[in-house]
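Chain nomenclature is as follows: A, B, C, D and E, assigned in order of appearance, with residue numbering initiated at 1 for each chain independently.
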Amino acid sequence: AAEEKTEFKLAWSIYVGWMPWGYLEDSGIMGKWADKYGIDVEIVQINDYVESINQYTAGAFDGVSATNMDTLSIPSGGGVDTTALIIGDYSNGNDAVILKGEGTLEDLKGASVNLVELSVSHYLLARGLDTVGLKESDLDSVINTSDADMIAAYATSDVKSVVTWNPLVSEITGSNPDATVLFDSSKIPGEILDLMVVNTETLADNPAFGKAVAGAWYEVMALMAAGDEATLTAMAEASGTDLAGYKAQLAATEMFFDPADAVAQTQSSALPTTMTNVAEFLFDKGILGEGAPSADFVGVEYPDGSISGDAGNVKFRFDATYMQMAADGAL
Amino acid sequence: MRLMNHFPGRPGAVALAMLPFVLVLAAYAIGSDIRLTANPADKLLPAPGTIWDTAIRLFTEPDRRSQEILLWNDTFASLARLLGGVAISALIAMIIGMAIGILPYARSGLSGFVAVLSMVPPLALLPILFIVFGLGEVSKVVLIVIGITPFMTRDLSQRVLDIPREQFVKAQTLGASTWVVALNVVLPQLLPRLISNVRLSLGSAWLFLIAAEAVASNVGLGYRIFLVRRYLAMDVILTYVIWITLLAFVVDWLLKTISRKAFPWLEAGL
Amino acid sequence: MSFVEVSNVWQAYGDRSILERVNVAIEEGEFISIVGASGCGKSTFLRMLLAEETPTKGTIRIDGGEPAVEPNPERGVVFQRYSVFPHLTVRENLVAGEGFATFWGRLFGVQRRAAVERADEMLERIGLNHVADQFPASLSGGMQQRLAIGQALTAKPRVLLLDEPFGALDPGTRLRMHEFLQELRAETNMTVFMVTHDLEEGFKLGDRCLVFDKPRWDPHDPGRYGATITYDFDARNNGIPFQTTKETENVVHAATA
Amino acid sequence: MRLMNHFPGRPGAVALAMLPFVLVLAAYAIGSDIRLTANPADKLLPAPGTIWDTAIRLFTEPDRRSQEILLWNDTFASLARLLGGVAISALIAMIIGMAIGILPYARSGLSGFVAVLSMVPPLALLPILFIVFGLGEVSKVVLIVIGITPFMTRDLSQRVLDIPREQFVKAQTLGASTWVVALNVVLPQLLPRLISNVRLSLGSAWLFLIAAEAVASNVGLGYRIFLVRRYLAMDVILTYVIWITLLAFVVDWLLKTISRKAFPWLEAGL
Amino acid sequence: MSFVEVSNVWQAYGDRSILERVNVAIEEGEFISIVGASGCGKSTFLRMLLAEETPTKGTIRIDGGEPAVEPNPERGVVFQRYSVFPHLTVRENLVAGEGFATFWGRLFGVQRRAAVERADEMLERIGLNHVADQFPASLSGGMQQRLAIGQALTAKPRVLLLDEPFGALDPGTRLRMHEFLQELRAETNMTVFMVTHDLEEGFKLGDRCLVFDKPRWDPHDPGRYGATITYDFDARNNGIPFQTTKETENVVHAATA
């Protein structure tokens, strides 16, 4: 139902790797690039991450910041053909399994864990348990806990371990000396990808949209890579922390400042394996919908044209075109 | 004839009563159809048939992992919390309300405080609740209690003050102590008010329950709705919404019936 | 010493004086009617007799006892409305009358059975035995007031206080209530105070009729002076006959619609 | 003397009224002190002094980024949404309530529907709301409207039915049309009910507002609480909670005063 | 043909028959009192005269017109209570009486000024000019009923229907209301129907007194048969004198408290 148009809307929510989106809008960099291509791009902040993806899925936005996992489950699982326009970073310690006191992953056996169920935290936990040969059913239970209340939850005596993401991780480890990180996303590099995904048809009909967004994004990436204080401070404050705090979070984030790195990640041969893992996890949790006959019910296409999952139902595409253009300086 | 003097006949009245429900259903069906035509995998407005299938599945098929029917587990967990919270609130409101209504000292000391308390937004205090009451069942029940008790107390104390003073004087001339007045004059007359009060508060109680379950839980109707929101399973959400509506309706109806049966003296007037 | 002694009683709310220098002595068994303009303080006077309020000055003693500080079983009362308990049946209302003085407010076992028996006798006497198991709301106004009087009597009060007990009844019922009250009086010879708006009623039922009015009047500040007893009529058949007192109506300006 | 006949004197009453507030404050101060002694960096129960400093800062110091005082921005944004939502609800409830109360056809058609609607948990419908009404101001106002209108409508229609039928007949014998009855008999008598109704509903309206602001917003009291909840900035949260309580109290008081001033005939009775 | 023609009127609710075979003809200017036992259908009869309800059988015509289907300004009414609008002042209540027939339900400009003038005249006539700006709730019961009658008259009804208009008033006020009503009648010569519980009142005020009662009675099913007019007394001073009709009281079993 997409056609050529000139006005586009992107949604984003607060997360260390997505703060540049807010800065793009505030600083006018997005506007500059949009003008260059004769279009208009509005970037809207939404508090509730899940709600922002839902909104995108329902068609209220042309693109949204999301992880590879949530993209697969919500828009792609919901039949909205979605393309990863930009791979911004992967979590490299930003997500962590935290235990109160000393211990190892094995100690989680028979324990209950607080996390945002069905989120990347849940996935991280599953991957962590894998490494020590445990399954989720070996736990006592997982308790769905709102990320907004995770810090308060950690402070209660009921809670023994949590899985969460930054800035909550640094908040917890920072103010609780006895907190032990059992497992974090640096152990599964490249599996939790933070993307900007857009509607495939919209992108196909409006290449200018892709170019403008990619151009603007990598201009800010360059500023960040150069350690531009003003830029970083603005992002830090917008995320409710200070420069030092934001830098600490960035340290646990593998930002692809250089578009070439992002292209490399997109073309990485590990990506299909990751996506298959993710799809299996989602299917196991029933997230792909009851109509999903198997874990590979949604097809995922990669830059080289290969497909994992159902080739007849490709709804998620990794496309390096625009990142490549940025890398080539062709924007 | 004036519009106000036109009465629908018996079948007309029934048809009219159904009409808005039919309209809403039709509007939904059309909206759903439009979206599904555009994108057959659309999750936002599933077809009524899909919802029906989902509902059947939710009510009858056990979960793969736990071999239990989640909907029933959720229902029992939520109802237990709801009724527990409401019962505790009712008890507290009853006692404080009676104290405020009967004892001038309690009135001076508590009525202002309760009025202020009833203005505090309880949701904002959740973090403190967690720390004090933990993340378990207690904090959910406590959120309900904190959420509805001040309002109930205010209302019940007003109801006590509405009891004609003549009855208090009469009871005293019959030798009743303060305690006997509370037990034999105020309490029985307050019970029907308590029930209508509970009926009024149940809406808020559901709200607080859903809010509490959304924050930290692993079973419950509110928990499930917020969980499946993560993948926009609107068929599940709508089934749960309709189910909650039905439960709320039944609870309300039960309370109304109890009130009518238990307090014949209220209706004896006409 | 008289049975009820009201000596130099004043009552004021804030700086509004309602009653002042009220003095009256009543013998045991007298039926006292109290009339006066609306708002002149009749109910206030009754509330003080009841000890629901204490006078700002002066004392009220019954049988030479200490002035009471709160209502007690010595004083029975019937108001214009709300004098019976709506959540109890007619019979329970009477049984409650006896039970309220106990710790739990209700009687059990033998005591209860005895009380029920006495209640049934009382029901007979007040002519309500056919509605013993109904709730007050389904009774007519007259029946409710008969019940209220019966209930007040179960506690065997030394004085009975009535505040416009028949004010809300229609004329026919009112007449039958007069008969009922007169019969009861003939049986028990209670000491009764009855406030009424209706001068005729006051003179018909009372042995004495007290008229409350303001003896002093400050046109700039109507609340300054209170009312007191301006007339104290003997209203018995063999006292001042009813007809000749008619002319006091102007003095009293009673019953202004 | 019976406890129920003991009245506190004027100064005693004031002292008693303050007592529970003082006790809560003291309990908080002690709890805070214990936690801070154990861990000086504890954030959960900041010292009263810290809260005070934070409050002063929030009320007076502009945000560095926007050069605006956020608390005031939040307050204006939230109040605008709240009052907008409540005003729209009141209008709808008034119109439908009057229709149900006056017109037998509307009564047959709508009263059941409204009763069912009032049982639907609006929080569960949030996702749909956001899709249909977008993420702007509209959806927040709509959540309030959906949340409180059914209840208000039910109550107001009952109030219309409580108006003695005699008045309707009398108006008709004076030649009034249905429209005139609605406009000149029902409407003026319903207005004071509407105000007490709004006062009752404001608590829920705040709840829905805070819930909506938590999901999608970038300004507002609920948004700010939600935002800082992640960092457990209890000093900010508590300041906002107290501020909301105060606002709620003032709004309630204003409505009460308006009602008393605007409807002298209600109090003329005594 | 008579002014008000009630021909063969029946009324039943569900399968409970309330009234049956009611036939009566009334001349213009007559004052009709209606008495009967409680619940026998007096108010029902009045409601049908008012056209608030339509009879299940039979017709009621005024001045030969078509049977009305809903209340209209031809018929004025005063109930025992709630007959005035509590949210309007006394004067506004009267002005409203004229304004309600317009589209907006209120008068403006010249019309309004004229209506206010007429209202002030009416206030004079019903003796309420000193409380013109007060709200009904601050008036005594008697004053409220006078206002209700005055308001009913502003619409110049052809018949005036009164349902126990003085039932809630105390005896003194009731007497003054009788005088008031008689004066008004003398001025206007209206056709009036008045339901009352009080036989005496009915005979005192009415030209004719209709008695409603059940002529047939099924002991197994009290709801089976309805009431009808069993007596139709001439109650004028020069008709059957009041005293001799006293004995009908047993027939009517009226006024059971």
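Throughout what follows, a contact is a pair of C-beta atoms (placed from the backbone, for glycine too) under 8 Å apart; a residue touches a chain by one contact, two chains touch by 3 or more.
Source: prediction; values computed, not measured.
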Hopping only between chains that touch, the fewest steps from chain A to chain C number 2
If a chain touches chain C and chain D alike, it appears here: B, E
Chain pair with the greatest number of C-beta contact pairs: B-D
Please compute the C-alpha centroid of chain B, do the same for chain E, then give the distance between them in whole Å. 47
Whole-angstrom distance, CA centroid of chain A to CA centroid of chain E, is 80
Please output the residue numbers of chain B that touch at least 2 other chains, ranges allowed. 2, 44, 126-127, 131, 172, 177, 214, 229, 232
Could you list which residues of chain A touch at least two other chains? 54, 58, 148-149, 152, 155
Residues of chain C that touch two or more other chains: which are they? 70
Let me make sure I understand the interfaces: which chain pairs count as touching? A-B, A-D, B-C, B-D, B-E, C-D, C-E, D-E
Interface residues, chain E side, partner chain C - complex: 140-143, 167-174, 176-177, 197-198, 200, 255, 257
Which residues of chain A touch chain D in their complex? 44-48, 51, 54-55, 58, 60, 147-152, 155, 167-168, 171, 175, 234, 237-238, 240-241
Name, in rising order, each residue of chain B that touches chain C in their complex. 164, 166-167, 169-177, 179-180, 183-185, 188-189, 263-266, 268-269
Contact set on chain D toward chain B in their complex: 2-4, 6-8, 12-13, 16-17, 19-21, 44-45, 102-105, 108-110, 112-113, 115-116, 118-125, 127-128, 131, 151, 168, 172, 177-178, 181, 203-204, 206-207, 210-211, 225, 229, 232, 234, 237, 240-241, 244-245, 248-249, 252
Would you tell me which residues of chain C are touching chain B in their complex? 50, 52, 70-73, 75-77, 79, 81-89, 96-106, 134-138, 148, 151-152, 154-155, 157
